[in-house]
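By written order: A, B and C. Residues from 1 in each chain.
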Amino acid sequence: MRIDQRFTDKFVKLTLNLQAIFTVGILMIIVFIIFIKGIRHFNLEFLLTFPEDMGRHGGIFPSIVGTILLVLLSLVFATPLGVGTAIFLTEYTKETKLTKIIRFGVESLAGIPSIIYGLFGFIFFVIKLKMGWSLLAGALTLTIMILPTIIRTSEEAIKSVPKNFRMVSYSLGATRWETTTKVVIPSAAPGILTGIMLSVGRAMGETAAVIFTMGSSLRLPTSLFDSGRTMAVHFYILAREGISMEKAYATALVLVLSILCINVLAYYYMHKVMSRYS
Amino acid sequence: MDVKISINNLSVESQEAKILKNVNLSIYKNSILGLMGPAGSGKTTLISVINRMIDFEEGLKISGEVLIDGENILDNELNTVALRRKIGTVFAVPIPLPRSIYENIVYGPKLKGITKRTVLNNIVEDCLRKAFLWDEVKDRLHTSALKLSGGQQQRLCLARALALQPEIILLDEPCSGLDPISTAKIEEALNELKKDYTIVLVSNNTKQIARATDYTAFFYLGELIEFDVTEKLFTNPKKKETEDYIQGKFG
Amino acid sequence: MIEQIKQREEKIRWILTFCALSSLLFLFLIFAFILIEGLPLFYKVGFSNIIFGFKWAPTKGSFGIFPMIVSSFLVTIGALVIGGPLGLGCATYLAEYAGKKRKIFLKPALELLAGIPSVVYGFLGVIYIVPFVREVFGGSGFSLLSTSVVLGIMILPTVISISYDSLMSVPRAYREGSLAMGATKWQTTWRVVIPSARSGILASFILGMGRAVGETMAVIMVAGNALKIPSSILEPLRTLTSNIALELAYASGDHRLGLFSTGVVLLIIIMILNYIANFVIRKKVIK
């Protein structure tokens, strides 16, 4: 009986261990495949030249620029709104009906799938507000999509700032806003930054919400009302329409590596900050 | 002697208990008042009423009045920011803000709108000297305040409170976590400071109260049991509870 | 000066309130516009003709999305069957068995899975999983099975992180009490820890389903997008999300409205799933 139990225990441990290894293995295999297949068609020229013949030849320069512009523009809108919301929820109000409703709203936004964002952005920004398929419409759509991430991580970061710091600041005659900007936000900044970086990763990899709002023009976007094609959309089109597997892999390499780098940095940063307070 | 703070019929209640019961107390200008009593006697609450930090506690009912220079600071219309700029507070544990020594001290003055570098420099030196910390840190004003020892940090907090150029200084058990040498330095500083300020010192160390204060108020379970000149209260207490507490029978 | 400060503080409070309300505004706008565009067709064609209709030929006036509703349901269940146990196993290993050193490496690695774009999952699905299914099981490979596998992997991060959090929130004393009575590690985990964390685990499954039902690009690439209810796990299918994404770019008139009607149904399914997940989590807090 006892030997039986001990055997079960060991067996279970092994099985669970294998499951974890399998899951991490998937991640590694994905990164490995993308890397091995992509690196062969990757060079500096690929990054810096324009695509030719629908992307069959040439590079992805406009897509890189389009991705960066789209992500930056979304951050410009989403960061103040998101951090402002987090400040309101943590510093400016107690738990009331209103905060409950706001939290419900944020949770709901977080659960909405990206294709719905695409539908909404398409009908609202592109058609009703007459922005057309444009950088601006894409950025505004992504703003709403990444807002919940920024709000939640900022809120966590702000909550982890010791209450004592606030007390000292108030006792020295600071107002609520002065305490928020001079003490709370500087201490919470690393955590907030982590949230922003995670949103960058999410925005970069997004396809469904972007393709119907920013379009998929291969030209270099030069104004807010220009259409453009992000790396993720470019990759999707190359792969789905079977235009060029080589270029698809190389694009995926650039996309996945950038996202991984940003996320690794974000998690590393978060880990460092967490260990500072505990 | 002029009365700086006059507390009349002050009561503080939470939903479960009365924290302060009908307290009447006068605090005199240019003196040190010691508040002593066992844990839970309401000393800290009294201090947080005076600087209105009590606003951050929820579910409390406050009645009575607290007059500072004749103005009732419990008035709802009162601007707490202006009030707190008149009152320097030092908390039980040293809480330096996560920035440099220099930045800690100029935090209050900068909020008041003082931006001139030379003026700020003077404030920093002056306040650090008054807190008996200048000699120890003058060469590293721009290093992190978190690197100071506990005793130094608490003196920094005192200097930071002084930098507000307040009229009143409230100290809530400022020496509870400090070694005897640091404690002696803070007491020495307070003795110098009372020339210019009105000081309230909370402590549950009776010896410190006896050493460092001019007047003593003894609190027990939210009530003011006895108030007198420190010397008199310690040599000739009128109430049984006071005597027992001083002799260390409880607390 | 004090008056000025007071005025500034008031202004700032208003600005922050506006920021906080913006989320609600966006949520309202999303619902309003999806409903405004999507509902009219329900009146015109008839509710049951859309929800229970079998034929989707939007240019000829048929807007039946029943096969897509069933397909969305099937891929979601399929994803859960594959991703649920695997995710729970990983979470259990991380929370109960993994040593500190391993955890520091495994936890972030698993979180990084969430960062890989869905198009990449779809692409690798086409390149590796679809041919594998074709070779081993037959059929075209574009199928319910392939889609379930891809989605099962995609929901892992959601399932793992939420299950893990709920396992970790089980008080230590429960474990110690059980071990002290002579139970083995696994008996403790299976009979004490997992039951105590069951509402969180359930929520992680429901949120994982939410993720699966809403996934679009990866599904388009591996599902085959056929307009019928699959009769076996090896047949192709088209989900609600793929229907929208496949046709939105060129649809106009009633056809476009039909896609918004699809969106309405999708939105309602998602809201119900989120509501259930929230309810399950909150019930635990009250208890």
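Throughout what follows, contacts are C-beta pairs under 8 Å (C-beta built on N, C-alpha and C of every residue); 3 or more make two chains touch, one makes a residue touch a chain.
Predicted model, so just to flag it, every value in this text is computed and none were measured.
Per-pair tallies of C-beta contacts place A-C first. The most centrally placed chain, judged by C-alpha centroids, is A. Chain A and chain C have centres, each the mean of its CA atoms, that are 17 Å apart.
Centre-to-centre separation between chain B and chain C, using Cα means, comes to 56 Å. Computed centre separation for the pair chain A/chain B is 48 angstrom, with centres defined by C-alpha atoms. Counting partner chains per residue, chain A shows two or more touched chains at residues 175.
Shared interface positions of chain B, defined as residues touching 2 or more other chains, are 81-82.
Residue numbers of chain C whose C-beta contacts span two or more other chains: 5. By the touch criterion stated above, chain B contacts chain C in their complex at residues 79, 81-82, 113. On the side of chain B, the complex with chain A involves touching residues 51, 53, 56, 58, 81-82, 84-85, 87-89, 91, 93, 95, 97-98, 107-108, 111-112, 157, 160-161, 164.
Residue ranges on chain A touching chain C, taken from their complex, read 5-6, 8-9, 12-13, 15-17, 19-20, 22-24, 26-27, 30, 33-34, 80-82, 84-85, 87-89, 92, 101-102, 105-109, 111-120, 122-124, 128, 144, 147-148, 151, 175-177, 198, 201-202, 204-208, 211-212, 232, 235-236, 239-240, 248, 252, 255-256, 259-260, 263-264, 267, 271. Interface of chain C with chain B (complex): residues 1-2, 5-6. Taken together, the chain C residues at the contact with chain A in this complex read 5, 8-9, 12-13, 15-24, 26-27, 29-30, 33-34, 37, 86-87, 89-90, 92-94, 97-98, 106, 108-113, 115-124, 126, 153, 156, 160, 184-187, 189, 207, 210-211, 213-217, 220-221, 241, 244-245, 248-249, 259-260, 263, 266-267, 270-271, 273-274, 278.
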